[in-house]
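Mind looking over this structure? Questions follow.
So that you can tell them apart, the chains are marked A, B, C and D in the order they are listed, and the count of residues begins at 1 in each.
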Amino acid sequence: MSIDVLLQQIVNGLVVGSVYALVALGYTMVYGILQLINFAHGEIVMIGALSALFVTNALIAVGVPPALALVVAILAAMIICAIVGVSIERIAYRPLRNAPRLAPLITAIGVSIFLQQVAILVFGRNYFTFPEIISKAPIQIGAITVTMNEIVILITSVALMTGLLWLVNNTKIGTAMRATAENQKVAGLMGIDINKIIAITFAIGSGLGAVAGVMVASNYGQAHYYMGFMLGLKAFTAAVMGGIGNLWGAMVGGLILGLVENVGLIFVRGDYKDIFAFVVLVAVLIFRPQGLIGEKVAERA
Amino acid sequence: MSAVLDIKKLEVAYGGIKAIKGIDFHVNDGELVTLIGANGAGKSSTLRALSGLITPVGGKVTYKGQDITGVPSHALVGLGIALCPEGRGVFARLNVHENLLMGAFARKDKAQILAEVDEIYTMIPRLKERTKQMAGTLSGGEQQMLAIGRAMLAQPKLLMLDEPSMGLAPMMVEKIFEIIRLIAKRGTTILLIEQNAQLALEHANRGYVLESGEITLQGDAKVLLADPRVKAAYLGG
Amino acid sequence: MNTLLQNKRNQIIAIIALGIFLLILPFLAGMIGQAWVRILNITLLYVMLALGLNVVVGVAGLLDLGYVAFYAVGAYTWSLLASQHFNLHYPFWVLLPLGAFLAALAGLMLGAPVLKLRGDYLAIVTLGFGEIIRILMNNLDKFSLPGSDTVYNLTNGPRGITGIDGLSFFGFKLRQGLEIFGLPITGLQLYYFVFLTITIFSVWMVYNLQHSRLGRAWQALREDEIAAKAMGINVRNVKLAAFAFGALTGGLAGGLFAAMQGFVSPESFGLLESVMILAMVVLGGMGHIPGVILGAVLLAAMPEVIRYVADERVQESVFGHVLIAPEVLRNLIFSLAMILIMLYMPRGLWPSPDRKAEALNSGAGK
Amino acid sequence: MSKMIFTADGVTKKFGGVTALDSVSMKIPKDSIFGLIGPNGAGKTTFFNTLTGLYQVDGGNFTFDDKPLNVKAPHEVAEVGIARTFQNIRLFGEMSVLENVMVGRHVRTKAGAFGAIFRPPSVRREEAETEARSRELLAYVGLERRAGEKSRTLAYGEQRRLEIARALATDPKLIALDEPAAGMNATETVELRKLIERIAKDGKTVLLIEHDMRLVMNVCHHIVVLDYGKKIADGTPAHIQKDAAVIKAYLGGAHGETK
């Protein structure tokens, strides 16, 4: 094994990991506020990718410049996903907020399957080719090869995550989100409309998921109705690994997962790549049950 | 004097347990009224029902002539009612400044809010020293001060305090009551729920004694202070 | 008292009627086609699986999202040791217990490190475990040990394992079918009776467990872990027992599945399968055996019924063209049912009643 | 002096920088009804939780039944012979009333998985005994007719009594009741008082943590008062009611000197 190979895999891992991180943020934000695994988040990502793909193609077909088409499509996808995310919360989760914990989890799984079927009806079952708008021609930097597409993905993810952190830490709405996550009752006493904050959380998480979906689709050059499943699973794993409910945890978890997967490829055949996530997860949870950055949850007396 | 807050036949139950068995009391404009009683007498249940955290099973709560029975807590803030909850309820992972700002969540007058935050800092200098500190790292007394300051930022006409002395050392309790007196002096109407009867009655205009979900004694605070039946209500004499 | 006796008599009549119905069911199905007998058999396997998962999720309250992994362990144990693949042909009385045992062992190995985790974490770890097993089945067709160049083929990868031995008793292969007094009984119908017997045995086991010291400890744990500890229940051991028993049942069903199908591939053991079994337990009524059986029967049969009702030809004749692919429609209805039942009947279709018949509780002394 | 069933000697418990229990000592005589009281936040619950194995102590030690009490996990406490009820009632809601009590027998029975499935005669006998003993206890607390119902459907006072029956099922030497009278009406409290007295008469020691002073003063033989994690008084009810430190702790000090 040469150091160049290692470096190359680290770069690849960062690109994939930043996408995981974006998706993981959606899981962790919802979990932080509702203690619910939003199983359908992976499907939101898929819907984001497919709707962006269709909008892009439609706009290019009517003569819009590809770059502009892509930007418009991403915005459209974010809006669509935000609407879907907020609707899911309203219809399938909110009525069960005080139900036994398994109940909303089951509806979440139901929603996930439902969205897949809807995607089949709307978009079809095919593997769609995502147009190559940002060049994927290899760029040589020293011994490492990257593409412009990958660079854009990395920059966009970093920008979005910074933006989210800023929003959550420095704005009134962000402070209200943290307050609600910590104590819904007291937040209500402050005049914060909990339901509104939860809806905003879903909207933001889903919007980020939409962008992540486009990133995955553009990186692999394709999108299909089932793409959200494994991606969602891994992103959730990343969120748990980092310490669910914690934004930094989701980002760190996502990056680590991306790195582990890609660096691991040096040692083990690619077929097993999907196993790494879970093996690492189990290892982390055994030694740090609260996750890498998560806080210890005290046992109630 | 008109009653700001008027409670009639209030009943609260938890899954069949009657915690409050139909009580009547009122708070007049500008008054500091205290509701005292031993642990488990139903003080907090009463306050929870008043602040919309639980829905009473019977009775009526009127605020400035308006029926507010069962109005959710976040809507009460807009009416000018603030609650400083039992156990303080500061946001442990928010810093002191952010906690205070959350108290003013429903307001839009940013400049005025910041001015009032400064006012709170003047009134409670200890908070100013810790403005960037996470509330969870404050001592119990400091958290209580923060909770009161936060409630004040909602510009309440009526401030409801739930056991502000709970779990605090005597010195700290004194300080908290000093702050409460300052707030009362500024003209804010206060409903104070307290276990520490002595201190509460010393500071209040009027008092009610709650015992097993019923009001058994009421009247002028100074008179109650001397009434031996108050002691009996606590120690089962 | 009188009504109680009457109830008892009615119950006996109902049980006898149900028994007769279950006995003639495969022949009724066989009249439509052997495919329907296969559906019956699969349904029975789902009942077993749901009963096993019910102990873990419904009784003990541990959310397991990778349950199908144990089914897979059972199925592959049978397939590898009774097929052309390694040219091994062990008999059923070795393979069924072995598969169940290995599955239980896998359950213990997975459970030991993770059972102290919070509920949601347990869910995601079990889900991951399910995926690991599936990926291993897909990829263990070309692996070599470190320091050796010999390539082994353990699972035959995505192509799966074919030519698996069926059940046979004293040299009689069930697949051949049988004729009794001129009445032909097909192989699938014979399998039906074997599966039915084992299903009834499973119901009996789960019922006994649920009404035992251990079963009560499981339920106590599900209801309130802290109170359960105060009662002196060793939470860890009791949880492991639930996990192992659930896995054991899954392994048993897996072996039977392989024997009937004669073919297994990793495709049969995906996450959706785990979710389906979980849905049977939850939708039917967690912790309540009749409810769980109902859930399993409904969800196992529903796809087939929808396939029939929403058949492309039916759609064509009604609408003039195919509106929705039957499979999509089936999954749509299936997922909507999951959502709606949870929203409107969060305790499931047939939850345990609020008042237990006293007769049940005094049964211990018999 | 009568024989002691339980002693605490200088028990200290800290959370972060806060001392929740500051060198608390007490002796509980066998077969007595012993009251532990104090204002909110005095440390009663913390004491209770250290005693029942939920927390480990930072200093001091417990002696139970003449042996050092050294439990590492909550489930070992029941085995030693200490049972408890919970302030906010923790029944197994979806299980029947009878089953709740039968769970209490867990620690005194043995059947394992194999026995559970195949029910050999020894297991059947054990089950029958478990059930008989549980029914006896239900009758003891007056709930025998509710045996088949799910415990969550019981009225509040009945749930309290069921919790006591479940605790008794573990055959405890010491039964610790955490605010059993909370939320009860006057009649229910009187019944509770009778039940507590009967339990003590039948040879079990009762540790009562309670806010209802009438109940405490009427039923307890001996009372310890905690305030700010320290023991401030120790004596008979009559003594406690006159104790200046207790009155100050409950009604608030006359801090006249600071004004």
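Keep this in mind: a residue touches a chain if its C-beta (ideal position, glycine included) is under 8 Å from a C-beta of that chain, and two chains touch if they have at least 3 such contacts.
Bear in mind that the values here come from a model prediction, so they are computed numbers and not experimental data.
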Tell me, which chains sit next to both chain A and chain D? B, C
Measuring between Cα centroids, which chain is at the maximum distance from chain D? A
What is the distance in Å between the mean C-alpha positions of chain B and chain D? 33
Mind checking the centre-to-centre distance between chain B and chain C? Centres are C-alpha means, answer in whole Å. 56
I'd like to verify one number: the distance from the centre of chain A to the centre of chain B, where each centre is the average of its C-alpha atoms, in whole angstrom. 43
Show the residues in chain A shared as contacts by 2 or more other chains, in ascending order. 299, 301
Multi-chain touching residues of chain B, meaning two or more other chains, are none
Name the residues of chain C that each touch 2 or more other chains. 226
Residues on chain A engaged by chain C in the complex (per definition of touch): 31, 35, 37, 92, 95-96, 99-107, 109-114, 116-118, 120-121, 229, 233, 236-237, 240, 244, 269, 271-272, 274-275, 277-279, 281-282, 285-286, 289, 297, 299-301
Report the residues of chain D in contact with chain C in the complex, numbered from low to high. 52, 54, 73-79, 83-84, 86, 90-96, 98-99, 102-107, 109-113, 115-119, 123-124, 126-128, 130-131, 147-150, 153, 166, 170
Complex contacts: residues of chain B adjacent to chain A: 51-53, 72-75, 77-78, 82-83, 85, 89-94, 98, 101-103, 105-106, 150, 154
Residues on chain C engaged by chain A in the complex (per definition of touch): 57, 63, 113-114, 116-121, 123-125, 127-129, 131-132, 135-136, 138-139, 226, 271-272, 275, 278-279, 282-283, 286, 324-325, 328, 331-332, 334-339, 342-343, 346
Please give the residue numbers of chain A that touch chain B in the complex, ascending. 172, 175-176, 178-179, 182-183, 185-194
